[in-house]
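Would you mind keeping the following structure in view while I ask a few things?
The first chain written gets the first letter, and so on, giving A, B, C, D, E and F; residue counts start at 1 in each chain.
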């Protein structure tokens, strides 16, 4: 199994979620993160003084999938999250040793 | 070493933390996440209009453990987090290549 | 490639970010987490009653790097985050199977 | 003596309740009354507080978190702009002698007014300030129609032009001794002048601006119902100044106006809450306070004329009607009047103006209509008032908006809408925790 | 002339300070005073603002974030309900002629009252409104006892019944010309009528409802001390209307009432802060403002009778006593009166009522007791007032709660308590950032 | 009769506008005026609300989230301390007869003052309370200079000593019948007494305390601009009480003071907003409200003397000057007067005091200078007032701070600064979501 963690622009979330759902991926965990990257933060000016906001608000999507559909899912995320602009984000892929569905105790592929 | 990441219902946190502590696991990192899964979100109705809140607030627990107690820890989490209802969450298990305790510089098992 | 996830004290973030940047690491993702560990939380007293705040606010840094500089990066983080006091945090290192830069579609080392 | 004084003498004091109140008198030569002055200064503070921060918070809590500062900014900047325009000339256009349609320029920059100039029993400076707070909140109300997507420069231009082209004339017609005042229209504190004008222009603005992305099915819930509740409370309490202050004296009429205002708000809140409880199983805070605002807007035109029972009935009717008006605009008309300005303020103000013809009569606990005026006759006048106000507000707003659209545009681009007006228009973000 | 007027004439004006104040006079034939009217309208706005949003925010900041909207909702909905019940009949029961125990139904729906009806030197509509704001905040205070676990429908039923069965009679006894007034009990602005009734019923409610999961060791800290502080400030400033307005005139008594109110609050704040500083090493904001509320509640019954030194002493005593009362209820009685309503309001109100017998005497800077009344005699009356109020409030509350428990239940289930009343009872969440 | 009364008689009423206002009269034998009393009680509530919670929120929103409670705590604790000190003796030092330099101890603990003691047409208790709210907010303003790093105990000691050594004498000089009053200095509501003293002491404090880590390039943005905006609105509306109440009567002067106050604030807001819009492309909410406070501080000393046009000009000048003063202090002087107390309040108050000599003349719409006083002569007096106030405030503050630094220290350690004063000094955190 693969565990895919993607850093995306916040407003892409809805599109990606819809696309994944259509693909049959029914679970996903999302959190708010701050991104530092090529895309710099912005400056806020208060009372004439500059304040450097170095980070950019980003959204992290985490989804565990079976090996066979991993590539398809990565492709989908890439496709939906891509606007061709700096700051579009990254996708990280990990090996997942095990997964357990708490409610039922199912493990492995069945638990996804 | 194993790195266990569990998505649970927020109000189960205290029980799980206590159980882990009893088991001799002394460290744990927790964050707030939004879960999308079988358990749908809820609808909020404002001024008669429906707003779809698709996600459910969840808590993510992360704990790194030695290989030998990994199964026991997973079992414990499963046990405490389980209410038999949809939305109870999932446990993801990863191989952990290395761990360093920042204060002392210890690595591997000693750093846990 | 390695994926390094470090739990640090919040006020160390700026130093670490600067150090990493000097080292040529240009991306990093940061989130706010709650830490449970040897360093206990604190007590807040309201109207004479004690409230136990068990956790300590921590910052999680995530950074994906090529294998060759991984050790250097870990060393750097350890160095900057270390104050010699309990609660300084931990560094977790994972194998990263794949990484994709969303904007360009680059994968592997080029995507970092 | 201001035209409003004249209006009151002719349109209101001539009513049967002349006997009912101690001669609170608007004669130019009456002495300054410190009690009346104390109350109207206080009322002025209350009504200003309604906009800054009341209305701003009420609206701010209802939008998404990346737009909240822009809403606060709209309300504040409009307040400042309206204040300056008011002294530059809008006050004079509204309350200057003039003719039946519009005032004159005799009072621009308050020329001739000093600390010792009186208007009725209070200093004219205080009358000026009290009326100014109405000219501040009225364009402020329209903000609810265009949140989360409007250009800031368009807001400023629109508000300025609107004050001159809509507020000044309608205010003159009704309160400045204009033609509607001559007909004896009943609008104690602004059902027409404030709520009908703002509500109508709001829905026109929303329509011309277009809807937010995701409207109506994919919207996010209000980001801070507690902020909305705080604002609603400030509006509610401030409304004591709004309606009670419109008596321009600290007397029984002011007291009764406050009483019916409060009862209408309380009743409308309970009614809205009950509808939600029955329909959805859960009564919401946002619903309750929306009901309150509906009840307040509705009683406004009638607050100096009706009795306690009238207040209860107004509230009950307002709760039901505004609730369904919201559904209608959103789901039938499909207009993204985002924070329901028309459905709550417009509909409420119009409804209250029309009902005033009935509930002002003595048998229903009111102060009575003017001598020899039948309910039917009064109702006709009220209808004329509503129609002329709505049509004028709509037409003038369309013209202003077309002009602005042409010259600077009304709307930000899609990415700014998504990222939030706070960062993109004002360079700030609301929650830097 | 209202019974309250009569009460004042007999119980208060007959006191030695008759000479000290210009005849603020409650004679039915005195002319309307615009200054008094201006002040009491303002005081009404201030006291309403104490509940909406003051008290709501004070309490809202102290609960966990998943319950904050429910607290705001309780306060708002109770305010609306109390307003409607007040006009329907509770005002009449409290202030109608009636007998020594309860008023009558002569004023239901304010029958017979118009804009020109006076009560003392102010319109009766204003007197009605001012008193209404007391009937709003009193059941609102009880909210602090049952937060985070109560059923919303139970809140509504309790509050309605409580107003009729507890507030109306006790108010009549003390302010409406009832038997305690006849005995000459001193309660200027509600030590008995407001704080003792609410505090007692609160602890009874908390006991019958049961404690929150985790009480007392595993509780979460207040989720927003700044929200609590904002609410506390609104309560503090609003209390000027509460105590100062109870003079029913803009005179020296009102001024002195405000002065001692403020001094008591400031002193109690410093005392509470100092205790925390000494005991725990860290003075907290929540502690300081809790002290303030304790000081305010305690001075309330005495605010029209004591002098500046009295204000300082009241504050010092209130700070110490309320601090330890909180510990007592929580750790000794182990009752989850969650936001310390009894320990702060109940204890404060009772304490202040008892002390009034001493600090009202002239040698301690007060206005003096009624002629021929000794301190001992006055103290006995105060004790009788306290006991009768506490017992009646407790007994009536128990009966009401038993009935509600039987018919609809008092408490939500454990999961709703954990998930939060905001979502489960009202379908909203407070922080959608 | 208070010395302030005497001051007014000599310094103000002697001015040409004596004719313009009905004898608002401070003669000890004039009757109590309920209207004036109603207004000054209300003004007192408004000014107290400016500090609690207005100023606290204004400042609280500008700091980082881990320090917000400490700011609220500073403001509240100072308010309590100032209240107690005020009655213990500071009032007597400021307004007691005394000599040209300082009052006496004749009124400590308000000795001799009862509910029937008058000051002009209002109870002395009310005059005492109104003035107290000024003594509360003035040290509160200084908080903005030392946020995020100061020791709480140092704040308390400083504020207490400062009230005695700076506020009491300067207040006596200007309003208590002291030497500046004798010279006829114009300071209607506190350009010198409040803003120049606080601003000067603030920058001295900031300099002696040292800058925050990261100043000036690595600072974090204000954590909650909406909190700041709420506070600003409360300050703005409260300022009606501040300036309007300083007429000590509900008359035309009060009305005109409020009018020019509002116009100055509105104009300064628009000016600041426009500068930002032009310079940075984005007008910010924090900027707009900072402009407002600048406009309010600047008009304060002149608010009872200038006309509408004066109000507009004051606002325009204040907007520009305060904007650049902020840059100057931060980037040229490199002093971490963190929330710009000197640049906004100090500069504004001084500017307004100096300009008063010009805009009070009748040809510029003012009420006119005292008979036989030329603009030049008046300006010299204003300059003397400014210099003596600034020098005294600076010197006394330095002495107080050196003493505190020696005995208990001024600053927390670096880790506490980073972790936040909320947890480290007060054991609380602001956002427990």
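Operating definition for what follows: a contact is a pair of C-beta atoms (placed from the backbone, for glycine too) under 8 Å apart; a residue touches a chain by one contact, two chains touch by 3 or more.
It should be emphasised that the depicted structure is a prediction, and the values quoted were computed from it without experimental measurement.
**Student:** On the document's contact criterion, could you list the chains that touch chain E and likewise touch chain F?
**Tutor:** Output, common partners of chain E and chain F: C, D.
**Student:** Both chain C and chain E are touched by which chains?
**Tutor:** B, F
**Student:** Counting C-beta pairs in contact, does B-D beat A-D or the other way around?
**Tutor:** Result: the pair with more contacts is B-D.
**Student:** Quick check: how many Å separate the C-alpha centres of chain D and chain E?
**Tutor:** From the centre of chain D to the centre of chain E is 34 Å.
**Student:** Between chain A and chain F, what's the gap in Å when you average each chain's C-alpha atoms?
**Tutor:** 52
**Student:** Taking each chain's centre as the mean position of its Cα atoms, how many Å separate chain B from chain C?
**Tutor:** Centres of chain B and chain C (C-alpha means) sit 18 Å apart.
**Student:** Counting only residues that touch at least 2 other chains, which ones in chain C make the list?
**Tutor:** Each of 31, 44-46, 94-95 in chain C touches at least two other chains.
**Student:** Which positions in chain F touch two or more other chains at once?
**Tutor:** Correct list: 33-36, 38-39, 42, 218, 220-222, 280, 282, 284, 286, 427-429, 431.
**Student:** Which chains touch, pair by pair?
**Tutor:** Pairs flagged as touching, ordered by label: A-B, A-C, A-D, A-F, B-C, B-D, B-E, C-E, C-F, D-E, D-F, E-F.
**Student:** Residues of chain D touching chain F in their complex?
**Tutor:** Checking each residue of chain D against chain F gives 31-39, 41-42, 44-45, 48-49, 52-53, 56-57, 60, 68-69, 72-73, 76-77, 79-81, 83-84, 87, 109-110, 113-118, 122-123, 125-126, 128-129, 132, 152, 227, 425-433.
**Student:** Which residues of chain A touch chain C in the complex?
**Tutor:** 2, 6-8, 31-38, 54-55, 58, 60, 74, 77-78, 81-95
**Student:** Could you list, by residue number, the parts of chain B that touch chain E in their complex?
**Tutor:** Going through chain B, the ones touching chain E are 11, 14, 42-46.
**Student:** Show me the residue ranges of chain C that touch chain E in the complex, using the header's touch definition.
**Tutor:** 44-53
**Student:** Under the touch definition given earlier, write down the residues of chain E that touch chain F in their complex.
**Tutor:** 17, 20-22, 33-36, 38-39, 42, 46, 64-65, 220-226, 229-230, 233-234, 236-237, 240-241, 244, 249-256, 258-259, 262-263, 265-267, 269-270, 273, 280, 282-286, 288-289, 292, 307-309, 312, 367, 431
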